[in-house]
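One structure below.
Think of it as A, B, C and D in the order they're written, each chain with its own count starting at 1.
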Amino acid sequence: MTYFGLYAQQHRGEEAAGIVVSDGRTLASRVGLGHVTDVFNEPALARLKGHAAIGHVRYGTAGGSDVKNAQPLLVDYSGGPIAIAHNGNLVEADAIRDEFEAHGSIFHTTTDTELIIHMLAKPSVLMRGREGVKEVMAALKGAYSLLLLTAEQMIAVRDPQGFRPLVLGKLGHSWVVASETCALDLVKARYVRDVAPGEIVFIDENGLTSESCVGEKRVRPHQCLFEQVYFARPDSVVFGDTVHEVRVMLGRHLAREHPVSADVVISVPDSGNSATIGYARESGIPEDRGFIRNHYVGRTFIQPQQADRITGVDVKLNVVRTVVKGRRVIVVDDSIIRGTTSRGRIRMLRKCGAREIHMRISCPPTRFPCFYGIDFPTTTELLAAERDIEGLRKFLELDSVGYLSIEGLLSSVSGPKENYCTACWSGEYCVNVDRHLGRFKAKRKR
Amino acid sequence: MTYFGLYAQQHRGEEAAGIVVSDGRTLASRVGLGHVTDVFNEPALARLKGHAAIGHVRYGTAGGSDVKNAQPLLVDYSGGPIAIAHNGNLVEADAIRDEFEAHGSIFHTTTDTELIIHMLAKPSVLMRGREGVKEVMAALKGAYSLLLLTAEQMIAVRDPQGFRPLVLGKLGHSWVVASETCALDLVKARYVRDVAPGEIVFIDENGLTSESCVGEKRVRPHQCLFEQVYFARPDSVVFGDTVHEVRVMLGRHLAREHPVSADVVISVPDSGNSATIGYARESGIPEDRGFIRNHYVGRTFIQPQQADRITGVDVKLNVVRTVVKGRRVIVVDDSIIRGTTSRGRIRMLRKCGAREIHMRISCPPTRFPCFYGIDFPTTTELLAAERDIEGLRKFLELDSVGYLSIEGLLSSVSGPKENYCTACWSGEYCVNVDRHLGRFKAKRKR
Amino acid sequence: MTYFGLYAQQHRGEEAAGIVVSDGRTLASRVGLGHVTDVFNEPALARLKGHAAIGHVRYGTAGGSDVKNAQPLLVDYSGGPIAIAHNGNLVEADAIRDEFEAHGSIFHTTTDTELIIHMLAKPSVLMRGREGVKEVMAALKGAYSLLLLTAEQMIAVRDPQGFRPLVLGKLGHSWVVASETCALDLVKARYVRDVAPGEIVFIDENGLTSESCVGEKRVRPHQCLFEQVYFARPDSVVFGDTVHEVRVMLGRHLAREHPVSADVVISVPDSGNSATIGYARESGIPEDRGFIRNHYVGRTFIQPQQADRITGVDVKLNVVRTVVKGRRVIVVDDSIIRGTTSRGRIRMLRKCGAREIHMRISCPPTRFPCFYGIDFPTTTELLAAERDIEGLRKFLELDSVGYLSIEGLLSSVSGPKENYCTACWSGEYCVNVDRHLGRFKAKRKR
Amino acid sequence: MTYFGLYAQQHRGEEAAGIVVSDGRTLASRVGLGHVTDVFNEPALARLKGHAAIGHVRYGTAGGSDVKNAQPLLVDYSGGPIAIAHNGNLVEADAIRDEFEAHGSIFHTTTDTELIIHMLAKPSVLMRGREGVKEVMAALKGAYSLLLLTAEQMIAVRDPQGFRPLVLGKLGHSWVVASETCALDLVKARYVRDVAPGEIVFIDENGLTSESCVGEKRVRPHQCLFEQVYFARPDSVVFGDTVHEVRVMLGRHLAREHPVSADVVISVPDSGNSATIGYARESGIPEDRGFIRNHYVGRTFIQPQQADRITGVDVKLNVVRTVVKGRRVIVVDDSIIRGTTSRGRIRMLRKCGAREIHMRISCPPTRFPCFYGIDFPTTTELLAAERDIEGLRKFLELDSVGYLSIEGLLSSVSGPKENYCTACWSGEYCVNVDRHLGRFKAKRKR
């Protein structure tokens, strides 16, 4: 079941995958580098016996892919074996890590996740049971949706600001916890509700109990809008909204903010599909399929070295010439990160005879780093970081380009505007990140 | 370059892949089971040095996947090494094979393709050069688009009825031959024209020359419409028409033939995408994305045995609940073969709250076997083989079902209606196939 | 170079292999399950750049082969990255581990090795530099030959009783440390001397310095004689003696202790080769090759299930019929653990016509568990554990059997007799192991 | 069973392996590149169901390892499916092949084996049943021990000169055919007799019948002595003699022909093991083990590029220093082909302190090519091809070298001297091979 859940959420991380299972007495683990289907085969799954399990797909950062960082992380502490799966990114983790090391702790991985285990394993924490867990949560800063598994219970935690999604589902008498509802759908579980920001959910043989780690004091949520724009699957319900519907609305707002006279609206499939519908409906300009995806695109395609003459070939998309030839074309996509792939596709359209090309992006220019779990490239590589709209248009070789405003974004979701994080577009971080920004800028200079 | 061409045409065959290359003196080969990306890696490609090459992706028949049947087939005959890649299916091949065996020939594979080589290698054929090749073509019956490669030349052949596509492209001063134009696009070659039915094209250091194997007598083409409906990529130009545009027209005709009052039109992605556009435009009913594809669907997903409770899970598509809930939904797809997958998806829609479900299929019910290269299941498994429309509707648990008529089909392509093969829908075969039909029916009884 | 060293010492552990390398600034690691040649290929080695490295081959215990337990273990502590490779087995490790856990430490592996790192990482230890290391060594009980690697230095440690071997070599200006001299030979390094029991060797850019962790007090060494009898390669110099020569002497003593009238002496290759020479020379009975090894014996041979009729087939050795037929045969081997393989071979000899079969074993009956790093099976499986000589002879279906005495053993090595551990034969352990023996016996009862 | 038989005979060919099995109705096949254990796993063997099977291990020639050449070769002819496994090498095969091609035949492989099938499949041959088979055998020249399998019967053939071995065994009521008796031993079959030179054995449900293809005329056998010297396993009975005993005799004759005063005789393991016994016994000089084999030597060991300093390392053998230091050493091996490996080992001995080194080789200098199935390198690479004894001694850096004479060789086997082939040493071929020798010399010049 956990295997299916990971498979449905493979888009959330392709670097590594793992499952830890409890049979009530002990925990068994399998983790590995690669996709869920690479890491697990029938014998591997057959060996993972038990009645409770947690899984993880790891979202790889550019450099170090090391199986040691694969999750769930399974260790022994005085309470026995414990496993943890973590979505998000802590801030100020280094300081806490330094402190632990100064007291003699050793670290096997470079993940924040191991730090959380160290905090939980402290005798002073354990002694105080659930209060201890709450205490640890209070000390953590940043984004963390966590699943913990011991022989006897599963604990689900979402940070007080709720940066990352976490949902609760039910399948018969069993509880299911996942990042996205598409995982519940695949295992035919029913979506019950989101784990609330700051909530700790305990699940054991007696069922589910819940506490809040924020107590009396109210913390404003900072739910990540990039999930809605780009990261989550369109069939998922995230922060209470169906992602596809949010994206259709983004397209509508985009059409209102950046109208243009044209003959056809096409999507960059599949990322721009939902917003394209909204743009076409709002503008009244007919939609067509200008790009066709190659369904066999995967990780193993090699670009043979002797193929110099055809480097830069786009093996993923091809243009339907008849759709764009001699036409004024609006191309809708969800975001532009580095811009080189987009520019290649715009050139393809131009070569196939498009008369005008207008690009519309269903979010603002992405200009700032994320410290809460989305791994953008450094500012130097981020196309919009130091370009204004005209600079972006020129780089992309477009007749016009339009990005949705932050207001447009916030008008497309159902929650109160102040409950969302828009830092990667606005640069307004919810906590003091000067220290990190400094380091980020330093990184740029190298 | 050939590797890229195969990659672009992977959809035409997933069972095996291969490339044979000529360096002017001899031929080198690599073939293997699996996808193009499974069979080739950098060292394998680096070993294939030369200036001319042919490749093949094999479309697997249910039973025997054996690497011996992988193509191109490379053998030695009195003229030296020769390789052949074959798309299509011969009829009456068994009789010719029996005759060869009676004269002492041995066969290493069970393919028609080896038979063609035996015919070409006959001294009486070789002695007569190009005339000999034409003579062999005259003796062959059925569907064959062929590529032959010797150390000195490449020969492209398309059968007189032109069942399967074959196109000529140009890249600089080099010629490129492929089944579909999407292969030309990927290697940035320019589409020149189709190889004509009955044409033999010779390419060597002196360039390209062409002859017709049909001579004076005129043979009516029988170009396979299933290519347009289902098999070819939408971005390809097949038999002179852009496949996507043909499919949009199929959708328009479908809307005219089978209108229904509804709230939304959705596609079964990606097979129904183009026809859905036509249906929506013609009917005026808004299109939306009711199904979302899992991009990680591949061959290696395992259905763990212990997952009894969730068997029959559709790992490929999920429903966007908000698109269909409480609505009257039209679902468009390109064809239905066995029907079980379609029924599962209709049930998903129903479970997600669709009020009415009307399915529209952009071709007639597929009722008859193909003897020219499309591998349909036996009649017993073919949903429409022995069901009328009402039977189909009931099986699929639909509120209504509508299949496009043959007339609708033929109105969507630009060639003369009599130039297309519609046998799998009409049962009208262009040659006497009683013998095969008998065998086909016999197979059913077992 | 380290790769070669591991390859030469592959016989010391086949379960897992690994290398950690320092480039002066940081450490890079590769570990994996399987043989050295499974874990490393050219790209993997190319990625391990630096000027200092340690490696490890893991000697698998029956049950849990988990890549997490593969060594060298690489972690971060307050001093930066540190790696450790450990040969041997600690006693009373569980108690220390419990104590660490009680103070909040977490453990990623089930190895003793991780415990040593925890001890080293304690602030109180680190603060005291080399003294700290000595302090830790003083607290450890059991067998440990260790290699530690940090960015700046390598540390080699051998426990005060010197259970396991550890040698120092020199290659140009570089130092090499290994378990056996055969590793030095392969990399063309010169054997310098053994690391002494209780010695700590520090190697950095300033060269080599050494200290003793035992200080004034004299600890009697307990060097493992099973290394000489069975474990080490015959071409290695272990504890100052060439293993092959020791084994030839074992054979001589064996012939003196257990003479028998016979026609030929044969070895169980290759384990009995050296002792056979000694036995033949001392007895004057000619040696011949009665068994032939299949050189392709490896781990991947499968015993197909349908092959019921030929189960129990010995794929490793075959008899040379002419050597044994009608003869009185003395068979020499180094040890008998479970006895089933030996019995199978004796039956083969009998079937090939041997008239009498006399087995001679170049060590005493192995009756007791080893707590210092040799992984014998439990007593139930240990053939000699509860059988007297007559019982052994009957089980093995021999005409006579003779085991070398402990005195014979000790007379074959050059060191003072009290400097060797003979616990697995005598049951005389150098430290109090009652607790372990109890557990060992408890294990038997299950 | 066949899998075990191949495993026992793995030394006869490491390039490819395969099995074809008959269930009485049809044949199923699995062949692949690599060792027997690489090609077969449990599922692969489980799929090969039937009551009769033939297998093959392919002895790779330097250049083209192509799975197409793997055997048994399975094809269809007018009589149905047929499979063939071939040991040996035909002469004048090219001419017959050319003739077949001239008549229109095509060849999928570059093996002689396929040619034999073509000859058997000729209608004129088949029509005449067993007589036809005999007729084909009469037309073949060169070395061939064959196994043919059809749905109904198995046929074993040995060429009239009996170059290669072929033995008959019995297991219960079943017949077993193999190249060497070590295969019979492993499957616990009983050795019955050799298939005679020129004999054809038919095995079907009625049992075994036999005919001779040589008829009245007597053909002198030319059994390959290189099998006895080098190729066969010492535990096999080949041409009526136990290989180990023959080699012991070779060693005795060697001692008589090339005595030398020395302290110790050592073997190059395992190739020189048997002859070393003979040399030591005859000379009275004690034998010792001067070289130790690394048991993990296999095909996958990589020589990392950065390891410049230790190139030429001998990962297979290491010297036991105490055995050779200060001593006059006789080193016995079975043959020297290129000489570079031997020279490396002699240098190792010298470096370890050997005072004198005398090499003794248990066959004459190998100077001529083999056209009957042993793949020697070209003359340029063959050490002895153009060197006299003094030249060999100098190249090998020895104090003395002695090769056994042809007379010594022939005195060590039990058959009449004229029944053996010694061409690779004497240059006396049994048939006219001028044409081949010419080509062989031509090859040298390049």
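Definition applied: a residue touches a chain if its C-beta (ideal position, glycine included) is under 8 Å from a C-beta of that chain, and two chains touch if they have at least 3 such contacts.
These numbers were taken from a predicted model, which means no experiment stands behind them.
**Q** What shortest step count links subunit B and subunit C in the network of chain contacts?
**A** 2
**Q** From the mean C-alpha coordinate of subunit A to that of subunit B, what's the distance rounded to whole Å?
**A** The mean C-alpha positions of subunit A and subunit B differ by 38 Å.
**Q** In angstrom, rounded to a whole number, how far apart do the mean CA points of subunit B and subunit D lie?
**A** 49
**Q** What are the touching chain pairs in this one?
**A** Every pair of chains in contact is listed here: A-B, A-C, B-D, C-D.
**Q** Touching subunit C in the complex: which residues of subunit D?
**A** Subunit D residues touching subunit C: 1, 3-4, 7-8, 10-11, 35-38, 40-42, 45-46, 182, 185-188, 233-235, 242, 244-245, 248, 270, 273-274, 277, 281, 286-289, 292-296, 298, 300-302, 304-307, 309-310, 313, 315, 318-323.
**Q** Using the touch rule from the top, collect the residues of subunit C that touch subunit A in their complex.
**A** Touch list, subunit C to subunit A: 67, 73-78, 98, 101-108, 110, 117-118, 121-125.
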